[in-house]
Amino acid sequence: MSPDGRSVDMSTYITHVELANPVITAAGCAGTGRELAPFFDLGRLGAHTTRSITMAPRAGRPTPRMTETPSGLLNAVGLPGPGIEVFLDRELPWLAQRSIRTIVSIGGGSVAEYTALARRLAGAPGVTAVEVNLACPNIEDRGRVFARDGAASAEVVASVRTVIPDDVPVVAKLSPDVTDIVTVAAACAQGGADALSMINNPLGMSIDTDTMRPALAAVSGGLSGPAVRPLAVRCVWQVYNALPLVPIIGVGGVTTGRDALEMILAGACAVAVGTALFHDPLAAVRILKELEELLAARGIHRLADAVGRAHRPPGSGSRHLEESSL
Amino acid sequence: MSPDGRSVDMSTYITHVELANPVITAAGCAGTGRELAPFFDLGRLGAHTTRSITMAPRAGRPTPRMTETPSGLLNAVGLPGPGIEVFLDRELPWLAQRSIRTIVSIGGGSVAEYTALARRLAGAPGVTAVEVNLACPNIEDRGRVFARDGAASAEVVASVRTVIPDDVPVVAKLSPDVTDIVTVAAACAQGGADALSMINNPLGMSIDTDTMRPALAAVSGGLSGPAVRPLAVRCVWQVYNALPLVPIIGVGGVTTGRDALEMILAGACAVAVGTALFHDPLAAVRILKELEELLAARGIHRLADAVGRAHRPPGSGSRHLEESSL
Amino acid sequence: MLTTRRVDAYHALTVVAPGIAERYRPGHFVSVAVGGPGTPMVTRRALAVHDVKPDYGGTVDFVIAVSGPGTAWLADRRARDTLDLVGPLGRAFPLPRDPVNCVLVGGEYGSATLFGLADVLLRRHCRVDFVLGAASADRVFGALRARRMGETATLTTEDGSLGLRGRVADVLPGVIADVRADVIYACGPMGMLRGVTAVGIEFDIPVQVAVEEAMACGIGVCMTCVLPVIGDDGVTRMVRACAEGPVFRGERVRFDDIGTIPFDALGAPGGGSARNVT
Amino acid sequence: MLTTRRVDAYHALTVVAPGIAERYRPGHFVSVAVGGPGTPMVTRRALAVHDVKPDYGGTVDFVIAVSGPGTAWLADRRARDTLDLVGPLGRAFPLPRDPVNCVLVGGEYGSATLFGLADVLLRRHCRVDFVLGAASADRVFGALRARRMGETATLTTEDGSLGLRGRVADVLPGVIADVRADVIYACGPMGMLRGVTAVGIEFDIPVQVAVEEAMACGIGVCMTCVLPVIGDDGVTRMVRACAEGPVFRGERVRFDDIGTIPFDALGAPGGGSARNVT
């Protein structure tokens, strides 16, 4: 509740799909959902994002799979999971029964694989949106990651979009390791992405100075946590600036309500929480509460009014467009 | 001194130019050199890198020019400085008189401007190497940063290389905000770069959640400090792997001797210290001492033997090539 | 936090945590946030529960070996500081129904987790014998208490500074024979668990091991703490030490393949075992 | 660190630092590392020196207003913790040769820096009068001491909770007239310094201001703490508050242009003043 006693309307939209609030779990950071159930009711969040689901079961990478870096975490987990069939059989129904809004993340090695995954998901009950994890190596392009190439990303997105029913948004998840994130974002939007999620982990590396060998078995890995937040905020800002009508899920180092607000002011209409869940299983609900309080304290009664607000010149006010004198 | 009483040979080479040790100051982080003189003798370092020198005097960006981020610093200082004439008149001679090895960093808005800067430097006494800061907007390409484009970077490097005397190495300083750092590195090497320095600051952004406006006057800025070290180590690793013969100056978040060793194991033959100097004016000399102790403790008697060592499969030993039985 | 004290090479902490004390069963661990507000250390640290006591509504004891910045921070805490704990976590030691002979084997601070177990076993009228080992005398944890609680307590150090020179697996066969052991419980470094498991297999005695894998979350969501374990169906899976473990049947753990993805594991690269799907 | 105590809205720290105490002159500041080992806060915090005393070889006092994580960490320190200080830094207040009448104007914790100055001025037989202001009574620092040291001490608060309601610049003209001031020294928020400077200009009295700009290094290497200041040659330059300041002649500081690069500054974009080169 705000100082003037009004509560904040926290609802948000990924295109036409309404979420009760903008705080969601990040792909690969909240398990199957069951693991968090002892801590809080996942249904309180805007949505739960699954880990990236693959066609076949995957054991993932060897250990060590992670190492800490200053304010960050390097991981090379390698999309472990039981494959789409087990997911549809045992994981999605558990979420659907509890009416947990579920964004299903998918990962593949070729356009055909992403399409096949989308085909299996099409019509499955309980799929709120499909997030296309483009940070996967393209086996048809010598392992070059899709997200590094606008055209390849757009091709995947377009193909998934064709297969997924119209009322289920397709979200393209982008990586920051590109020369120009706006080009990739625009290509994905052009390809039919209803929304964009950013950022996936930039590629990093750490060497154990005692063994004098890479700290991760996989040599390099993805950097996450507060260390990457400035990169994520920059990407959200740039893409919102270029494509103000495309909904953005802001991801990267969100640990507090202030961090979530930062993403929203930069242009995100939803905020995903990843690494922070490792540090505090209650992080997502805490962030939601803090965010609501921060909005209220600023006299902002609708979350939607805060989205992209830092782009407006100071003093341009908070009036809704429909109330504007233009 | 190592446990067996032998001291470590810390000398290193940027091509044929010998530095007494591998620890140097990073461009733009050690002022004119004079500011650090009350704290330690700059001559104890491998070299001092100047801020990026421009043709005309530059006032730089408005304030606020910096904001802290988790384990990082965002800055948008904007290459302030008095211009090349004052530099040659008053700053370089001070360094030269004290026999401080000096890497002169230059920044320009066009190939012609870099070339003009190089021409003014050619023959100036006390220039140990020239570092080409490619993270400058190219006014002839709608402000696109040179470092984001291999061809544009190579063109600058080639032109500077032509003008600078052969015995003065030209170092290309690269930014990590590219899809493939190896491509840019290879283009620069092809263009005549004798060595590579990486990384310059990745672009980041922060929003003040109280004012709800960007924290920096310049909106976005460069991220530095320990937060970016995993990105820097990854870039050094990738480039060393692809171009093992090109000397690399590792830069990004080096704060301790362990961090310096990490860069060296990844493939750097010199290590530049930037943001750490803001936290500890004595950082560079402390890091040098720590690095020497770490090498000694590992029984490594020559710094050169540690360069790129993390690339070697475990157990492949530390024998010099000339001692090898191959 | 209540108290903090040094015990040989370790730091012992006592924390008031009624919720954890109440639900604790031997083998459980907790995770603790380190570094305070705004910490640059983004992952929690796993700590075995050493002891729980009913004082102050319920206290929990931990034994800490400093190995890096997180454990160093923990060792630096002073009385009355607060700690952010999550737990109890993990799968506890399965307990025998009958009063059987149990050998409890601990390495380094891994011994700490065995005393809560010994308590429960003794209450069930089991015979308890200890075998504790470490590199040196100051790293053998709980020798006195083991002598008090156990029928016997055999100590080993690699440098011979306490008890027998050598490793626990060296003396274990003798202990098993002497006490006619029915089951072995073990906690300590992986190498030790491997050795103890081999002895258990040799003597055809079940071994319950509590493993230690690098953990980021401790609650099963990050997938970093996996190791290859053979399931009831004979299929090797990469399972989470935090959620499916830390306690496993020793002979099910593929110790030699830790740090790899065995080619025959479910979902291993190459897809050799894709036929195991569903 | 020796002691730590609360003083109204502030925290006062006393630190043993002989090297700093010895070289200190009024107006100097120090920088302090915050957050301890491995801190995520990569920049130092600037703190004005409040007092130096000869005890323990030389102690230094600071007054801290909590405004963010770094100052919060400082306020949390306990006696006997150590602090990593660099200093003294910056350009000190220029001192009059003759025994003139000095008005010392402080806003919020900015007052802290004035007492060391008053000491020296009094030793030079200057007359010292204080004008101290803040938002509210608990934020006026050093009122008692100002009353003791100064010929007069005029206090203002914006909410009227202490002294006169209003700002220091409101009462300053009256004080200047009453005490026939020859020079003004001021330290406090930029807005206050601007107001005080305006009064000084009006009365044609020199004003020495100690400014506060966000600083990352405090030693002149990071170039983040700049503000537009007019040089002896009439040219505006972006100068560093830490190295060229923090003390400036008030009328030289282009207060209205802080946060911008004035178009006529040396090296301003557009290159309008490139003719000023060399």
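Every chain is named by a letter (A, B, C and D) in the order it is written, and numbering of its residues begins at 1.
Just so we're on the same page, a residue touches a chain if its C-beta (ideal position, glycine included) is under 8 Å from a C-beta of that chain, and two chains touch if they have at least 3 such contacts.
Note that the structure is a prediction, hence the values are computed from the model and not measured.
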item	value
Interface with more contacting C-beta pairs, comparing A-C to B-C	A-C
Euclidean distance of C-alpha centroids - subunit A vs subunit C, Å	36
Intercentroid distance (Cα basis), subunit D paired with subunit C, Å	57
Whole-Å gap between the CA centroids of subunit A and subunit D	46
Residue numbers of subunit B (touch at least two other chains)	70-72, 225-226
Numbers and ranges of subunit C residues touching at least 2 other chains	38, 40-41
Chain contact topology (line, ring, star, complete or other)	complete
In the complex, subunit D residues that touch subunit B	33, 40-44, 84, 86, 213-214, 216-217, 219-227, 237-238, 243, 258-261, 265-269, 271, 273-274, 276-278
In the complex with subunit D, residue positions of subunit B that touch it	28-31, 35-36, 39, 51, 56-66, 68, 70-73, 75, 77, 80-83, 85-86, 89, 217, 225-226, 275-281
In the complex with subunit C, residue positions of subunit B that touch it	70-71, 226
Contact set on subunit D toward subunit C in their complex	35, 37-41, 69
Subunit B-touching residues of subunit C, taken from the complex the two chains share	38, 40
